[in-house]
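Some structures are shown below for you to check.
The same chain A turns up in both complexes below, where it pairs with chain B and then with chain C.
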Partner chain A sequence: MGTGVVDGILTGGVYALMAAGLTLIFGVMEVISLAQGIFVILGAYLSYSLETHFGIDLFVGLLITIPALFIIGVGVEWAFLRRLKSQERIAMSILTTYAVFIIIEGILNVVYGTNYFQLHAWYATRSVHLLGMYLPYIYLFGFLLAVGLLGIMFGILYRTRFGASVRAAMQDRTAASLVGVDVRRVATITFGLGTATTAAGGMIYGATNSFDANSAEDLISRLLVIIVLGGLGSIGGALAAGVFMLVVEDVIAVVWSPDWSTVMFFIILVVVLSFRPMGLFGRQAARAQ
Partner chain B sequence: MGRNSKRTDVVRRGRSKMRRRAYGASSVALAGGLVLAATGSAGASSTGHKAASGSPVTIGISLSLSGDFSADGLNFQRGYNLWAAYQNARGGLLGHPIKLDIVSDASNPTQVVTNYEDLISLKHVPLILGPFSTLLTTPAQKVAHRFGYAFIAGAAGGPAAFAAKYHNYFDVSVPIVGQLLPFAKWITALPKSVRPTTVAYPTSNDPFTQPMVQAAQAVIQKAGIRTVYSKVFPSEVTDFTPIADAVAASNAQVVVLGSVDVPTISAFMQAFEQAHYSPKVMIATAGPDQGSAFSSAVGVSNTGGIMVPNVWFPGVNNALTHTMDRMYLAKYGGSISQISSDTAEAFSAGNALAAAVAGTKSMSNAKIISYLHSGVTIPTVQGPVKFNSIGQTFGGTFVFQWQHGKFVQVLPVAAKGSAKMIFPKPNWGQGG
Partner chain C sequence: MSPAASPAAKADPTAPLGAVQSRAVRRAGVGAWGAILLVIALVPVFADNPTITSIGVFTLIFMACASAWNGFSGYSGYISLGNGVFYGTGAYVLTYTAIRLNMSGGWSMFALVPLAGLGAAVVAIPFGFVALRVRRHTFVVITIAIFFVFQLLAFNLGFTGGSSGLTPPTPNWVGATFNNPFYYVAFGVLIFSILLFWGVRRSRFGLHLLAIRDDEDRARGLGVKVLRVKMTGFVLAAFVTGMGGAIFAFFVGQIFPQFAYDPVFDVTVALMTFFGGIGTISGPLLGALILEPIEQYLTIQYSIGSVYLIIYGVLFLLVLMFMPRGIVPSVGDWVRSLRARKWRQGDGGAVPVVVTPPAPENVPVGARGPE
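== the complex of A and B ==
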């Protein structure tokens, strides 16, 4: 059981990082980005290209892939999402981002083909023996990276002027606009930031799973569940929910049966939402119209 | 989230009318083609290949071009395309060049039903071939049966595919349930001094993997080899680490893994390596048979000793296999060890259809079905096939092992072409 808990915490942190970007985007823009899963896979492919063609270490490569995905996110927001009318934003964002998902998936299939890939590094297969358990280095490093990046995100949100603008826009876009916040610019940068987090998530995912362009479909469903459980718009909620989800699944898979691991998680999700419909850390009051 | 292959009503009706006119106008050409085929067939069978030249005959196929089975689906697509090119170079079907109408089912059992309904009732394709996997073929069978179409599949040998005993259904691959038996028999026949004493059976809850693993488990358990882990995991699991860790904690000397794809086995292998656990023997139901898709995902040095059952491999001594291998390399490049068994399965399904059309000199589905049930033996890339009353074929099953970066046949030990097995499996990173 100890192994299940530790595995769950370590992998949950990585999922939380991927989900944090998604929940941030929803909080500011009221956009449900179904493209988040394919951005994770795109991040994995970019890390793969840097590793195989240039010999760049996976973590060092993040210095390139994170800015690259930020730029791609800004581009997608400008090209596809900025034009959505506010009345239909949520519904249309689902369709629009799904279209982006399909486009990127198709491009990846053409460029990289249908073979499965996996990122390789010495820390992807080695582990450290601690407290009677073997803890894989990749999960330890990934967890630390996730905590670090989430910490940076918190710092931006709560220690910078830009972060104050983001929080203002999350509370009330109209009011924020009235006090001089450039809501459109905030939305663009937020989408870029939310997409940039997928570079790190993608690298860890690619180092721990074989992937192809179609791997995104399983990912996005998990990420959506995490942000619903954590509370839409709450980064802390995404972390808590990510860790909680993976711990529940891993412990039940080890102690009871893998067949029940996903089922039990969804039972717990329904119970939590029955008492707290806004999720674990979601805001009680409805957004001002 | 599957892609929809439907077109607008106007285009569908337009194409339907055009197709009816085309069929009416080509009936005379077809009759002439039949005469030519009958008089010319004796000489054209082995040497003078006469290219197909009449109006095309469309064969409808639903394939998993995206989704969980996409790697297999795309290899299947290659197999069907290669078969169509091969057959067209030999006169097509009764002189008509083959045109494949392949639509994607996104690995979705609901979409595959829609696809075959569209292909048959809207596009009016005269013939169809099967999708990939028992999971998708089983719902699609009902559509084919309802419309009376011959339904030949290449990779749908799970028990569920034969449960309804549809008279129009045929699978050119050996039923999967016994595919691990050569392995089970080998392990139980080992001398006691070297025979493993414990086995783990983690398997996905898939109609392909579970019957195979359970059949092998029954044989191995009966021989007194202890089961230390036996659990089923949902096929939608994305984090295999806790399951693999539990297998590693059992310290089983043998792992029989019910996997449907490369990501599953690669996740288990990585978790085993992280847990410093290397079983003496490891076999998976699928994944290692995917050629370079497997070796590039796990790393060639980790492939050593990994086994997988199958009825075919690219180096098998079969004239049709040699032809397909040559065509594959010419079109797609690479090496023959990279050719997936999916490609051979699809090609074989095409072989069976072509033989039935040629044998009946007709594209009538009713006649094709009767012909395939007549006890005729048909040569295919996977070897000769002969169908029983419920569309099963039987033949040899082999076990293959990765050895020094090559995929070789190792079981049955006495079978022609079997190499010496590497036992025990080398440690991780030392098998390249």
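== the complex of A and C ==
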């Protein structure tokens, strides 16, 4: 039980990071990026290749994979999402990013095959005895990494001029562009940043789970549940929901059965949305339908 | 996506020409579809190749399911990525009932198809009750979430056979005509689906759905029982999709959670509808008629799933980038502007400005506020 809670908090931090990226994208662009799931797996595979072919440590490799995914994100936004018309924007963005999803999934299948992979490092297998329980180092390191990166993200959002533009665009795109914010540029960079969070998330995911390209489906469904539960576009909500969901899942896995913990994950969303259709921290129908 | 050609004419009373055109175009469309359906009905008579009829069965199932998807999501603007729930539920209801009743796999199995549709419709009620009360983009996400709940339940509940799946009774038909019963039943479901959603489109209820798509708050203000209307549309779509899933299960002869509740299905029906033209009656039919054979062909040709994924994804992107409104509306615009040009040339400069048919770019695309 106690282990479940601690494990949940530690892994939840990583999910919170990836979900924060996704909800940030939604907040600024009104776009839901289904590709977030496959980007996580792409990040994991990139870390794997750097580790096996060049012997680069997983955490050091992030210095390469984070910029790489940032660039890929910017490229996707520039090539496809920017061209979407305003009508049916959400639906079109979902379909477009789904197309990107299956293309990357296909490419990863061709390049890496369909066997399961897992990232290896000394900290991925060893545990530390702490407060009467054994915690794998990777959980601790991953959590610290997620907290650090979230700190950087919040620093960018609240301490820089660019961050001010992002927050302005999240509140009202039209008003932001009226006061001189280049909303399109902000959107492109935001998409890149939101995608870049998956590099770190993917590395941790790959070190704690065995994965193949198909795992992206499972991931994106969880991330979507988290951001909807937290309230679309609310970063704080995504963080809270990410940690909460993973704690619930891990606790149920311990006290009941792992088979049902994932079901519970979705059932919580359904129950919460029945009472609060805007999610836990969503703005009360701030926008028109 | 001004709902096809017809309301465009009504919306612009100063253009009697448009009204005449659209009626003519509509008649031509109905005639063309009559011919296409006749050809489809005759395929098994002339094609003795089981591969062709097998592709045909899948195509017919997807035509019905895409038109059902369009019948709710296309008309109401609530994009569902959870219609796989109905497909899978239909598949499991047919298979489970057949096993429990110890049925032998003959024609009598098809009697379970409407039952499977009912099962899916029943499932749609609580599903819709949760999902249809949220905002439109949340709806997309919650349909995905509920979809995965069902897939996981199919894995975890006892009576679904878990990951080893269920096997419906195998029919004792033999030879090259093995596929034909499936083909004709799927064809029947397709006709039912076309008539149903054509009827919806022409009814007061259909107008309510379209009003919800254009401006839900205003529709509510004008007295549309919004939740009830959305719910009804959702349940109708579920009924047809469930029947499609049932035929699929009986045809394939084995169901597993990940193929009955298939996330690819969710997106495929949406893609087909977007490809053909969302919100139009013929759009989803045309989209499925073109895309499903391609998909089947690619699957047969490249048995490695990944190559097929890449090709499909690229095709998907091309459609979204270059024909975001789909074939039917794009062709409709094209025909209209062509005729307008001819008409303008014929009458010289005497055309009054008021009746100038709108250029394609200016066609109101379901005037609605910011999403």
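The working rule: the second predicted complex is superposed on the first by the 271 of 289 C-alpha atoms of A that agree within 3 Å, B and C clash if a C-alpha of one lies under 4 Å from a C-alpha of the other, contacts with A are read in each partner's own complex, and residues count from 1 in each chain.
The rule is simple: a contact is a pair of C-beta atoms (placed from the backbone, for glycine too) under 8 Å apart; a residue touches a chain by one contact, two chains touch by 3 or more.
Quick caveat: nothing in here was measured; it's all calculated off a predicted structure.
Undergrad: A:127 contacts which: chain B (first), chain C (second), both, neither?
TA: first
Undergrad: Could you tell me if A:210 is touching chain B, chain C, both of them or neither one (first, second, both, neither)?
TA: After superposing on A, A:210 lies in contact with chain B but is clear of chain C.
Undergrad: Going by the contact rule set out at the top, does A:56 touch chain B (first), chain C (second), both, or neither?
TA: neither
Undergrad: Look at A:254 in the shared chain and tell me whether it touches chain B only, chain C only, both, or neither; answer first, second, both or neither.
TA: Only chain B is touched by A:254; chain C is not.
Undergrad: After superposition on the shared chain, which partner residues are touched by A:98: those of chain B (first), chain C (second), both, or neither?
TA: After superposing on A, A:98 lies in contact with both chain B and chain C.
Undergrad: With both complexes overlaid on chain A, does A:117 touch chain B (first), chain C (second), both or neither?
TA: first
Undergrad: According to the stated criteria, A:140 is in contact with first (chain B), second (chain C), both, or neither; which is it?
TA: Touch status of A:140: no partner.
Undergrad: Which partner does A:228 contact after superposing on A: first (chain B), second (chain C), both, neither?
TA: A:228 sits against chain C, while chain B stays out of touch.
Undergrad: Could you tell me if A:89 is touching chain B, chain C, both of them or neither one (first, second, both, neither)?
TA: In the superposition, A:89 contacts chain C only.
Undergrad: Do chain B and chain C land on any of the same chain A residues, and which?
TA: Comparing the two interfaces on chain A, one with chain B and one with chain C, the shared residues are 98, 102, 105, 109, 114, 217, 259, 262.
Undergrad: Residues of chain A touching chain C in their complex?
TA: Counting only chain A, the residues touching chain C are 26, 30, 32, 80, 83-92, 94-96, 98-103, 105-107, 109-110, 114, 217, 221, 224-225, 227-228, 232, 259-260, 262-263, 266-267, 269-270, 273-274, 277-279, 285, 287-289.
Undergrad: Could you pull out which chain A residues touch chain B in their complex?
TA: Residues in contact with chain B: 3-4, 7-8, 11, 98, 102, 105, 109, 114-118, 120, 124-127, 134, 136, 208-215, 217-219, 222, 246, 249-251, 253-254, 257-259, 261-262.
Undergrad: Residues of chain C touching chain A in their complex?
TA: 1, 77, 79, 81, 129-130, 133-138, 140-142, 144-146, 148-149, 152-153, 155-156, 215-217, 263, 267, 270-271, 274, 278, 304-310, 312-314, 316-317, 320-321, 324, 365-366, 368-371
Undergrad: Under the definition above, what is the set of chain B residues touching chain A in their complex?
TA: Counting only chain B, the residues touching chain A are 1, 3, 66-68, 70-71, 74-75, 205, 231-234, 236-239, 241-243, 245-246, 249, 262-263, 266-267, 270-271, 273-276, 290, 292-294, 296-299, 428-429.
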